[in-house]
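Chains here go by letter, A, B and C, matching the order in which they are written, and residues are numbered from 1 within each.
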Amino acid sequence: MSLPAHLQETFSPEEIQFIVENEPIKIFPRITTRQLARGRVGSVSDKSSSNQWRLITTDANNLNNMVAMQSTEVTLWLALLLKQQNKCSIIAPKWLTIKELDKSIQYEKKYLDRFSSIPWNWLVLCQLLFKRASDDFHDPVHELRSRIQDLREIRQLKVLKGLKHLNNSHLQLDNISILEINELRPFIVGIMDKLREIHSASESNDSSQANEDIDI
Amino acid sequence: MYYDIDDILADSAEIPCKFNYDIPGLGYLEGNPGKQINKNTKIQLPLWLARILAIIGGDSEGADENGDETNENDNLPFLEMQTPDFLSNKVINAIKTSPESLDLHSINSHFIELANKWIALFGDTDLANVIYDLTLARSIELNNHASSVALELASNKPDNSNKDSIYQDGNNINTPFLLSMDEFEKKIYKKSHNSYKDTKKWLFEP
Amino acid sequence: MYGDLANKLVLEAKRSQQLSNKSKKGNSLPMYHEELVRNILQEVVQLSKNTEYLKEQQQLGNMDSKVWKCQQFVMLLCMERNKRCLLAYQRLRSQMLDSLAWDNNGLDILHDTLGNTQDTTDLSPQEQEYLKEYSELITELKSGALTDIDLTGSLTPPSDVFIDVRVLKDAGEIQTEYGVFNLIKDSQFFVRQSDVERLIQQGYLQKIK
């Protein structure tokens, strides 16, 4: 097959990162790109500042109209790029504060059969932001990191416990993030498929050949 | 599925069969070429052979010719498949008592697939429920092993196959459960373990 | 017993499957079992001769129809079993050749610098032919309308524009779009990812995180 074996089952975390990087995030730019209206005729217009970018994959409006220290929203990959070049600082998302994380942890501990509703990309975002923008947080990063670790461990345990509800027809997984789903995918799909086979084998009285999918 | 190697290997499992007729010329199935097989002899035959011979049998074509009405005996299939060892009552009881600690691989390396085929052939709902519970219980144990990823720092040897990462898989593959998995479980374990490993590696890269 | 040889072949196939799963860098096929395949084919020919004989016997009216039917079926099932095993063996090998071709098609197929040598003597002549023509197909696919996308390039999405790389092997001077680099073992460069992707794939450079 043209796709290598390790990608045939589920996405790689790098691909998940790529998908997540397409989401918008708020930043404080440190440069101004907006073309302010020139009033007087005959003033020397700065040719170099008339560089309007045109981006292929996303709307360049926000990028071209940045005013320093006014918050604006761009895609994450763009924000990380600007941050790397020291041209902006990233605003931490609302749920990524010690208070909010503590609330989520409390919720997780209280309701053992549900997951708290944190954003679908929380793990990936945290990983990226801690790596590249750790100075933009109000709260100390190591505290945030330990909260995130706690959250991850609690959720992992819950998933492990909830696996006994696997059956051959459906699985309800509210509020699990994309990275968590991704890592669970091969296991759950494989087992549910087998359970489905067992179930349908017992229900059909014809020869099993007729019911098997031909997988070439 | 036709081309699937594990399916082919599963089909080669031997099933005890009882012949319903005398068939000359098939002695080689017993290891006695040239002799005939007598009615009610029991032989071990591979599933791919037994499966069809247990369905087809003496046709009713020839039976109508002599007008005889007592020809029910002629309509039996050529042989009758009997419960093989790996699905005997002893095994079923062992499954019901402790599914996770059962050494599935030593009972038969393709146990779950074979059980599936048997269920499909006989429509045996009881067996289906037993196998269903078995698969589910063992899958939880499987997942426990697959998700406990122990990462160690890889040494900087030049032959380190994982050039891109400083972490290496530190999982011990010799735990009793992992050695007792059958082929299907091994496949699932590999896939899910790789996925957990990749995720953890990505999360902990400095 | 008919079908035993075929079983051996399938076990061989399973072994090569497991070998390729275990080895992390690429897969090299074990030797093609010419002898075993030929023996199985001989068995099939013999079985088909038997069925011809049986058919004659039946037409001459020598046999009880039931007995004849049973014998025919057994022969037929053996032949089909042999066929299935042979086909599965071939298919497994050709699938491994396919992934070999895709993995290495940016590079020279039979020996690439990652150390993944596929010994051509292990492949049957038909398989060698197959590999060659499949690789040509891939090259043709890449050079059609899709020249801008490198279909056999890296499958990891890029995350940085510029990356740090370390040189693993001496490779002399490399010309890139933005300048010339002199590749000496263990030196490090800070370069644009798109330039060096190919070299990383070939194993000359290693990305430093």
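Here is the rule we go by: a contact is a pair of C-beta atoms (placed from the backbone, for glycine too) under 8 Å apart; a residue touches a chain by one contact, two chains touch by 3 or more.
Protein names from UniProt, one per chain: A = DNA replication complex GINS protein PSF2; B = DNA replication complex GINS protein PSF3; C = DNA replication complex GINS protein PSF1.
Keep in mind it's a predicted model, so treat the numbers as computed, not measured.
The touch graph of the protein chains shown is complete. Farthest from subunit C in terms of Cα centroid separation is A. Remark: the per-chain Cα centre closest to the mean position of all protein Cα atoms belongs to C.
Inter-chain centre distance (subunit A to subunit B, centres taken as mean C-alpha positions): 40 Å.
If you average the Cα atoms of subunit B and of subunit C, the two centres end up 27 Å apart. Per-chain CA centroids place subunit A at a distance of 36 Å from subunit C. The residues of subunit A that reach two or more other chains are 12, 14, 17, listed in rising order.
Looking at subunit C, one finds that residues 21 touch two or more other chains. Across the assembly, subunit B contributes residues 2-4 that each touch 2 or more other chains. Against subunit C, the residues of subunit B that register as touching in their complex are 2-6, 8-9, 12, 21, 23-26, 28-29, 31, 46, 48-49, 52-53, 56, 58-59, 61-62, 74, 78, 161-164, 166, 190, 205-206.
Chain contact summary for the complex, subunit A toward subunit B: residues 6, 9-10, 12-14, 17, 123, 127, 156, 160, 163-164, 166, 168, 179, 182-187, 190-191, 194-195, 197-199, 201-205, 207-208, 211-216. Within the complex, the subunit B residues that touch subunit A are 1-4, 55, 112, 115-117, 119-121, 123-125, 127-129, 131-132, 135-136, 139-140, 142-144, 146-147, 184, 187-188, 191-192, 194-196, 198-199, 201-203.
By the touch criterion given at the top, residues 1-3, 7, 10-11, 13-14, 17, 21, 24-25, 65-67, 69-71, 73-74, 77-78, 81, 84-85, 87-88, 91-92, 206-207, 209 of subunit C touch subunit B in their complex. Those residues of subunit C that touch subunit A in the shared complex are 21, 95, 98-99, 102-103, 151, 155-157, 159-161.
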